[in-house]
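Structure incoming, see below.
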Amino acid sequence: MSSHASHHDHTKLYAGTLLTLLVLTGITVAASYFDFGSANVVVAMFIATVKASLVALIFMHLKDDKPVNAVIFCGSMVFLSIFLGFCMLDVDSREKVSTGKLTWVEEQDREEAKKKVKASPPAGHSAPAAEHH
Amino acid sequence: MSVAENIEHGHGHAAELSPFQQHHFATAQQQNEASKIGMWLFLVTEVLLFGGLFVGYGLSHAKFPEAWKSAHHHLQRELGALNTVVLLVSSFTMVMAVQAAKLNRRKQLIGNLWVTIICACIFLVVKYFEYSHKYHEGLLPFKAFYSYQGPQVPGEFHFFSFYFMMTGLHGFHILGGIAVLLWVLKRSYAGDFTSAYYTPVDLIGLYWHLVDLIWIYLFPLLYLIS
Amino acid sequence: MADVLHHQIHAASDHREVDYLSDGRGIRDWLYTVDHKRIGVMYLFFIILSFFVGGMLALAIRLELLYPGRTIMDAETYNRVFTLHGAVMVFLFIIPSIPAALGNFVLPLMLGAKDVAFPKLNLASFYIYCLGATMMIGAIISGGVDTGWTFYTPYSTSTNGAVTLTAMGVFTLGFSSIFTGINFIATIHKLRAPGMGWFEMPLFVWGIYSTSVIQVLATPVIGITMVLLGLERAFGIGIFDPRIGGDPVLFQHFFWFYSHPAVYIMILPGMAIISEVIPTFSHRTIFGYRGIAFSSVAIALVSFIVWGHHMFTSGQSQLINAVFSFLTFLVGIPSGIKVFNWVATMYKGRITLKAPMLFAISFLLLFTIGGLTGLFLGSLSIDIHLHDTYFVVAHFHYVMMGGTVIAFLAGLHYWWPKMFGRMYNERLAAISCALIFVGFNTTFLTQFVLGSRGMPRRYYNYLDQFQQLHMYSTFGSWILGAGFFLMAGYLLASLRGPKNAPMDPWGGTTLEWQTQSPPITHNFHDVPVLKHAPYDYRNIPQGEA
């Protein structure tokens, strides 16, 4: 049984883990002084994830515990990424009205409008007026 | 597999009988495992509770990248790093406390719990200094309170809304953790925990590590990302 | 006592022992109880009370809509009434209905356990439910809410109603739901009777398990959403309110990330009950046990990737519209598997048409209509026409009421003898079921037509051409109401009679039928050992009652 196996002294393992976590903290702080452009977020999140995994596997005993607990915990991460992922996908692919960028559909509409202007008779001739009441 | 598991529970570990075993569990081990599943499920709800804030943070960041860049310079990354170290150390002493309970080392259990609680308090004190610094500059959360007058990019108050909501919720979790740790400490002095029964220490340990784990993400997201 | 004498006559074979209902009759014995059966009964009481409140509000809405313009209330009141109807029915009734009331009572019995894993947490969950309900009632008294139960921004961040208090009520109720979910998952993992593997569990347990997974994963998100909404209203975070740089569509993402899965918190337990009732009353092994079990889990998981189908017209991106529309159709597969398996179980079975079975058959018909119309709404182009019309209203009432409520009634009638030890009047139950079935269809079938002709939902006034259909719908609501009042009558009347229910009135095979009705406080004298798989009817006589 897992809980029996862990009735040993693991102080060294825990101390080593703490040391690794502290070193990783140092690395992530140091890295933040360099500009990797958009990779900054990726680097920081990657290091954070390594640290989080260490905490979960060793301090929270997931390494030796019953797998059901690991499944439960990973589940939360999976569903959180679904939540984040779909929201991001929506916002990224939405029509960028505020920045002035046009969507494909709007561009098509504009093209159409231009063609119509060219095709319509020159000014002076009365075009059929839109009906406004 | 689960059938075998259940039958195994039926045999019980007579030697490990504890006064804290509840009547509806066949064995202390079954009780411990059920409690652990319960705790992990609770942690899942915590992850998704914070998750809402993380998603809000991510989308606001995407919307106001310039404001994020300029606003995060108001945070002192040294203090954030210090708090990270404090929490990591407390996580270490917490896991040592759990081990001490498992191995019947009462003095070590009590000592480690004390260090954990003290680290938690240090964390809150540092947080207090950070908050009061922001308060004096008017770098407060929400449209209603944000009153910073210095040079800034539009949208900075969004950053501070998220900074305060995320660290505030996290801070509440630290406070709650301290309360439960004190209760566990009191029971440790009373000698309630032995290798036969240490579930509460185990559970608060899991909770404490999660609080640490959330901070591991909060620190780079708030203090470091530019 | 005459009661005792009666027992001796009717229960000659098994002498009755002190059951959980008579084990301590004081008010404190109930308020401080950690017995899952008593907590289930307390939940049942408040849930039925909420259903009554929500139902009366529904009757008021239908009466108002009998004629265009003002009938009994003004437009402001109407907005509050339909909001309350939705909020009460969703948060106080349907979500806790089957899991917290029937599930609490039956689940440990089915597993052969003495209680749920965390009895105190179970009681806490009940009191948190009461607290949340009080907050929502407080919101009603302090002016009400007119946003609809969905609290969409930007209206909800600018209206003067008691949105914040209602939101805090929803937040609080969420914890109640989470605690129930945590409790059930731990119970199912750890407290199964010796010999009961995962595939020897009754299908009800599979359904409740899947429900609990959703409760644990989704509910925290509605919690934080309600907190954000409250803060946005009070101080301005700038996340949902477009006036300060927020994105109102984001609120809909947050809201539906919970609320679509919540629809399955409502329907999965209903399906779970049907999976019990149909084999018992067909006296035939369930067809495709694993198919039903896995489809429950599949529905729970898929429910998390379809929420955007509520937002096709909200301004979310076209790309994500297409993705969500496609994914929505996936839900049809496990739902279809279930319906197929239920019907296949009935095929060549020896069907007895007792009240629970009548409700189960109603469920099959109504749920199928509700499910299929959901596919119309999941199709992008059709949804543009039908969005925010009565078609949507009819669709989700077919699923929520025709599905969940009818299944709840099936379960209530199925386990009523187990819960209270009394049989009810079978003939009145059949009449009530018929009234509900006819009344329901009259009310909501007309609304499909109304919606497809363009009648928008939530409107106080409408064009004259819709009056006739609205009138039929209102008439239907009266028939429906009559059915429920009749049910309340015969169920309450049964409680006045002696405890005469046998141990296994229907010939069920799951463990809850192997203990006295009502059960003793610790459920079973000895830990029950599973001797055969569930739904093995070979040695079980068909129902005695």
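We just call them A, B and C in the order they show up, numbering each chain from 1.
In the analysis below, a contact is a pair of C-beta atoms (placed from the backbone, for glycine too) under 8 Å apart; a residue touches a chain by one contact, two chains touch by 3 or more.
Source: prediction; values computed, not measured.
A complete topology is adopted by the chain contact network, contact being made between every pair of chains.
Between the chain pairs A-B and A-C, more C-beta pairs are in contact across A-B. With each centre defined as the average position of its C-alpha atoms, the distance from chain A to chain C rounds to 35 Å. Here the spacing of chain A and chain B, counted between their Cα centres, is 23 Å. Touching two or more other chains at once are residues 33, 37, 41, 44, 47-48, 51, 55, 59, 63 of chain B. The multi-chain contact residues of chain C, meaning those touching 2 or more other chains, are 189, 217, 221, 247, 250.
Multi-chain contact residues of chain A (touching two or more other chains) are listed as 68, 75-76, 79, 83, 87, 91-92.
In the complex of the two chains, the chain C residues touching chain B come out as 113-115, 117-119, 121, 178, 181-183, 185-187, 189-198, 216-221, 223-225, 228, 231, 234-239, 244-245, 247, 250, 254, 522, 527.
The residues of chain A lying in touch with chain C in their complex are 68, 75-76, 79, 82-83, 86-87, 89-95.
Per the touch definition, chain B reaches chain A in the complex via residues 29, 32-33, 36-37, 40-41, 43-44, 47-48, 51, 54-55, 58-59, 62-63, 77, 81, 84-85, 88-89, 91-92, 94-96, 99, 102-103, 195, 205-206, 209-210, 212-213, 216-217, 219-221, 223-226. Of all the residues in chain C, the ones that touch chain A in their complex are 189, 217, 221, 247, 249-250, 253, 257, 304-305, 307-308, 315-320, 323.
Across the interface of their complex, chain C is touched by residues 1-3, 6-7, 9-10, 22-26, 30, 33-35, 37-38, 41-42, 44-53, 55-56, 59-60, 63-64, 141-145, 155, 157-158, 161-162, 165 of chain B.
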